[in-house]
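Two complexes are shown next, each including chain A; its partner changes from chain B in the first to chain C in the second.
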Partner chain A sequence: MAEKIKVDDIDRSMYDFRYEDNVEDHLTTGISPEMIEEISKEKNDPDWMRELRLKCLDIYNKTRMVNWGPSIKELSVDEIVTYIRQKNRMKENWDEVPENIKETFERLGIPQAERESLAGVGAQYDSELVYHNVRKEVAESGVVYTDLESAMHDERYKDMIKSHFMKLVPPTDHKFAALHGAVWSGGSFVYVPKGVKLDIPLQSYFRLNAKGAGQFEHTLIILEEDSYLHFIEGCSAPKYYKAGLHAGCVELYVAKGAKLRYSTIENWSKNMYNLNTKRALVEENGSVEWVSGSFGSHVSYLYPMSILNGRGASAEFTGITFAGEGQELDTGTKIIHNAPDTSSYVNTKSISKSGGASTFRSAIVVKENAVGSRSSVNCESLMLDSISRSDTVPVMDIRTKHADVGHEARIGRISSDAVFYLMSRGLSEEEAKAMIVRGFADNVSKELPLEYAVEMNNLIGLEMNGSAG
Partner chain B sequence: MASLLKVEDLNVTVGQTELLHGIDLLIDQNETHVLMGPNGAGKSTLGSAIMGSPEYTVTNGRILFNGDDITHQTADKRAKKGIFLSFQTPVEIPGITMTEFLRNACEQVSGKRMKLWDFRKKLKATMQLLEMDEEYAERELNVGFSGGEKKKAEILQLLMLSPRLAILDETDSGLDVDAVRTVSKGIEEFRRTTGGSLLVITHNVKILDSLSVDKTHILVSGSIAENGGSELVADVLQNGFERFINKES
Partner chain C sequence: MENIKLNTLPVPTFRWLGVNFADKAVQHIDAPSAEIDFSDGETVRIDVRDSTHINADVPDNSTGTLILYCDADSEIRLSGSINVGAYSDVKIVQIFNGAASTVGGLRIKAADGASVRLVQLFIGGGQNISETDVTLSGYKSKLVTDIGYLLSDNDKLDINLIARHAGKKTQSEINVKGVMNDESEKTFKGTIDFLCGSSGAKGAEKEDVMLLGDKVQNKTVPLILCAEEDVEGEHGASVGRIDDELMFYMLSRGLDEQTAIDLLARSKISSVISKIDDEQTVKRLDSELL
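Our next item is the complex of A and B:
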């Protein structure tokens, strides 16, 4: 038996705790037009939103189930409580947040993180925002960071939201985009005015906590010309027995010369279906940088897409996926070069162990008009044992001769020589393997803010725990 | 008092092949031993087997360290008891800096948390002794190091970990004169400051110039052909292994 030494401070239970919630008004399972009406009424939706929800439900019902990639047969959307409304309304003041929710967040380190360096927290507990606070200086710079529901009713933003909401990810995109459009609830709205460069990151922390609950948060971020924003989305969920579903949606609009960095660490519990859709539209000389860490969930389908829509636009995608026992994580990215001189750079790492399967999919599309564009895709996989799987599915669709596109893939196993070398210096087998994996993931953790890098390393330690013997 | 290391009638195999046959070896505290022998005699195998490499299987005999039977213990347990192996070919670990690795290793081996400041101070002084550029502290472990730099990094680890027994597997091979001098200086420092014992595997004697050798063992075809004192080194230097090989057959 391997001893747990260095990883003492990583305790599985810290991710597995949960509190019994006291939500009285769980709505019926399954989805009917009445239910959508009810949600809409409860949310006090403007008419256009109510109509959009109903249209989305119609599309959902008419769209076929996803039949490629990992199996989602066991997922029964009808049985999942699609909407749970916390009794708690939005709270601006931490002191007013209910005690059990506060404790959950505290164990996740949110208030500390906020105190230290983060500008604002929009943390979602089940389907409603219960805590939302933007520091004064952020607000003073003109940056808007609020929940989507209230922004929809704000005179200043309502038109902006109407003209952007689900325009980048239309409900016809796929079945779960339609489902999202019908039942979405909670999420963030960020607006960064022209020329404003926010040097502190904004953070949101999503978490599922009700049995059988689905989570359908929507993130809408609009960056005006020459602005800068770093947005961090972190997810963690406690362990559950009933299948859970996450079908969120992220829409990012990056105007001319603006730069957006979007970082995520996802650690859903191992029974979750994570069918999330993320997309960015980048205009002339703008850039989007994705940093994406996928650790949790039973099944994931996650391929953030960047549409490079103006000359000189660029996208960078740095990702890490860690699939352990019982996990099938299908992740990657899609980049569409739709203007001249656009560039994209993709660098991903995937790790699989204890029978886990990780698949990396990339799709690089270079349109006819995207002359002078460049793209480089690099993916590396590490398998920690012989029962795990790792696949790479790169797709390239190049419509012009005047583009420079490269792809490199490497798949390897953990070297027993390296493990012995580290063990001869006093590291247990488990810790030696964890160190090798941490090193393998280093280029991703380097891209993360310190506290997230620490969390990611802890997650690696956690995942590696028990890998020995 | 128990010997520091006692190897008793040790047989070691890899796969179906037996590489070591009935090895006996006794190393006391504060001693320098030299293990010599022709290529392929099993010198590195013995070093790795004492360290606990999972590549090798002990089919007979046992290994005692400070009186404890460690024959079936994993390498990390042996390291914690005070055994160190300087690898002939140190392994590259991408993404992990020398500092990160060494601090972790020091804490594992000593079982104590080390203040970052104290650690850095010791690391810096030790690197200076070994004439290593400070930037190596922040470089990825052994990645892109030249042969000489890798060997220096092994000695750096030796000095940082202060084991009770250090096995040096051809630490001098492939090094230029200056590098051998630096590495020797490090080994001397280890002997002087810690009183730890050495098992030096070599077929080159430059590294022994600065060490006072207590015992010499000649390994031929997986068996100890002769044990002696430091005079045996001079003998090998002059006459080679010929007579041991003939004796064997």
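Our next item is the complex of A and C:
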């Protein structure tokens, strides 16, 4: 009889430290017009933004809750602290960042990464960006990387932001998009001018420290023609027993011939509801590449969407999801082929263990006008015990005869034969299992920047205790 | 009276895709029942022209074939409940070849070592809605399904096939082949559901769709649900135009393009018809398809 393979959860200890937050910084929990007005006043919103926030609140109140996917019944938005004011404004000099916040990001390795391998860094702590910096030579090339709230008041960008903000993800999209529109705070604005290709990535790191709080940052990235950007997003929070909520929004505009790679390593703690919305609009011959690692949170609904809107546009999605005890991670992607000769490629892996549930959910839509389009989807799932769940729920909606769409999915467990073979070559059982799981996750790790790939591989290796049961 | 939603997807997904239910709901009716006797091993052929409910308890260690041929002129319901006894081998053929719409619902349960072979063929006919729910509850019970469809004009077809693996070492195989012309619309929902306790189970699903019409709408929804570690499941789908190399080969053999397309479309359906394995029914189909 085949032996069972046991693999431990991802070790989260490096993320589970926290500092006491100052309760005086909290606005009230829940959401009301008065509170929206207060956030708007606090942020000195232009009139259009204040009106948009109130409109979003109205839509939020009228929109019904999702009735598919993992249960979010235990999430009470009325008990979530939707906005936390920081006493100190955003800094461009790391030394000026408040000590406890600085230490948080130091422990997460953000300043070191900035020094070694990044073109710019943004760090958000609870509701506000606390640090933003971009290398001098990058700024001189015309690249803008700043916080969205400052940019909204800058004469050079304010019209651009007004014409793009929540246009790709309208508040009517779903209930949490409307909530985001009402209470959003923090996040980044990136603008890459025509023809500028950034060789080294920009990174934003989101840290939710406060108990029972929500984080609603908005990321707006605009790439002009023939430009290139790699943007990295990292997220974490310490563990509390009270539910937290992340309902961020990412809007990516990729112009003709431009190329954007958007990498995310999500490691929220297991009390978090991660209901994030990400969307890219890709014009002629442009391309977007999503690299997504989902390891944390209690419940996730995460499906980055690519709208291929110009001839020859392309999208690629590479993802891995690791669901352990108490986690229901519902992840995947949505791709809309809305122009001729567009192409998409999806490659995902998921691992379920210790009662965790992972669901791969996708939608590939090829519209009537997308003649000559191609799409290929490949998803694989690994079940590590029989108390876990793994589901795949893909949908293909094809409306032209001039398209080629392929889909493959596979589900199974670690092959005992493979473990036996590796052991016969001199590896211990633990090493053999770790090697197999690392190999399974190879599609994502090889797409990550080196330091992230090493961290991910180390996590997998460390957490394989190899006991057979 | 309350409308009944049809063809519910076992795990709902994004509402905007419109695949969680069929886009038509019906009211309950009490259709006359027909008891099917599989005990003598003969092939049972039924022309279904009115709404009917089929009941069958297949005895242990028996074999049999049931052929349901629907070619009604007005809308009908065809439902059924079939329990397949231990170590029995049953083939169920459903052919929908009428001018009118049909609503089909079939529940099948297979005991230890039982083998169920299911062939479903949909040829036009307005709006057809078909749900088949097979529970492989017995040890080493097995399901092999071949589904074919040939749609044209404004035909609408919604298929919901669920293979539930409850017993250990159960097997399911789902093969779907289809051709869509004109402005036809089709949704195929195929689910392999590995329930907890179905260790050693294997399930495979494949849909191959040839799109020929300029305004076709094809939705393919192949689900794998898994609550058991020791299983193997896979699904694949291929949707689109005729392979360029294949077409080039056909043209190089002297065929014109339309003849080549017709031949390829016919070959897809013929491969499903060949699974019927009943000369009388195949002849009837051939005469009606020509």
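One rule holds in what follows: the second predicted complex is superposed on the first by the 427 of 469 C-alpha atoms of A that agree within 3 Å, B and C clash if a C-alpha of one lies under 4 Å from a C-alpha of the other, contacts with A are read in each partner's own complex, and residues count from 1 in each chain.
Simple rule for what comes next: contacts are C-beta pairs under 8 Å (C-beta built on N, C-alpha and C of every residue); 3 or more make two chains touch, one makes a residue touch a chain.
Just so we're clear, the structure is a prediction, and the values are computed from it rather than from any experiment.
Once the two complexes are laid over each other on the shared chain, residue contacts for A:S390 go to chain C alone; chain B is not touched. Residue contacts after overlaying the shared chain place A:G412 against chain C, while chain B stays out of touching range. Of the two partner chains placed around the shared chain by superposition, chain C is the only one that A:W68 touches, whereas chain B remains out of contact. Contacts of A:S381 after superposition on the shared chain: chain C is touched, whereas chain B is not. When both complexes are overlaid on chain A, the residue A:R438 reaches chain B alone and has no touch with chain C. Once the two complexes are overlaid on the shared chain, A:E429 sits against chain B while remaining clear of chain C. By the touch criterion defined above, A:S163 reaches neither chain B nor chain C. More residues of chain A lie in touch with C than with the remaining chain of the pair chain B and chain C.
In the superposition on chain A, A:I398 makes contact with chain C only, while chain B stays out of contact range. Judged by the document's definition of touching, no chain A residue lies at the interface with chain B and also at the interface with chain C. Within the complex formed with chain A, the residues of chain B that make contact are 51-55, 74-76, 78-80, 84-85, 87, 90-96, 101, 104-105, 107-109, 140, 157, 161. Of all residues in chain C, those touching chain A in their complex are 11-15, 17, 19-20, 194, 196, 199, 209, 211-241.
Against chain B, the residues of chain A that register as touching in their complex are 5-6, 415-418, 420-429, 431-432, 435-436, 438-443.
Contact residues on chain A toward chain C in their complex (touch as defined above): 2, 4, 67-68, 334, 359, 361, 363, 365, 368, 381, 383-386, 388-413.
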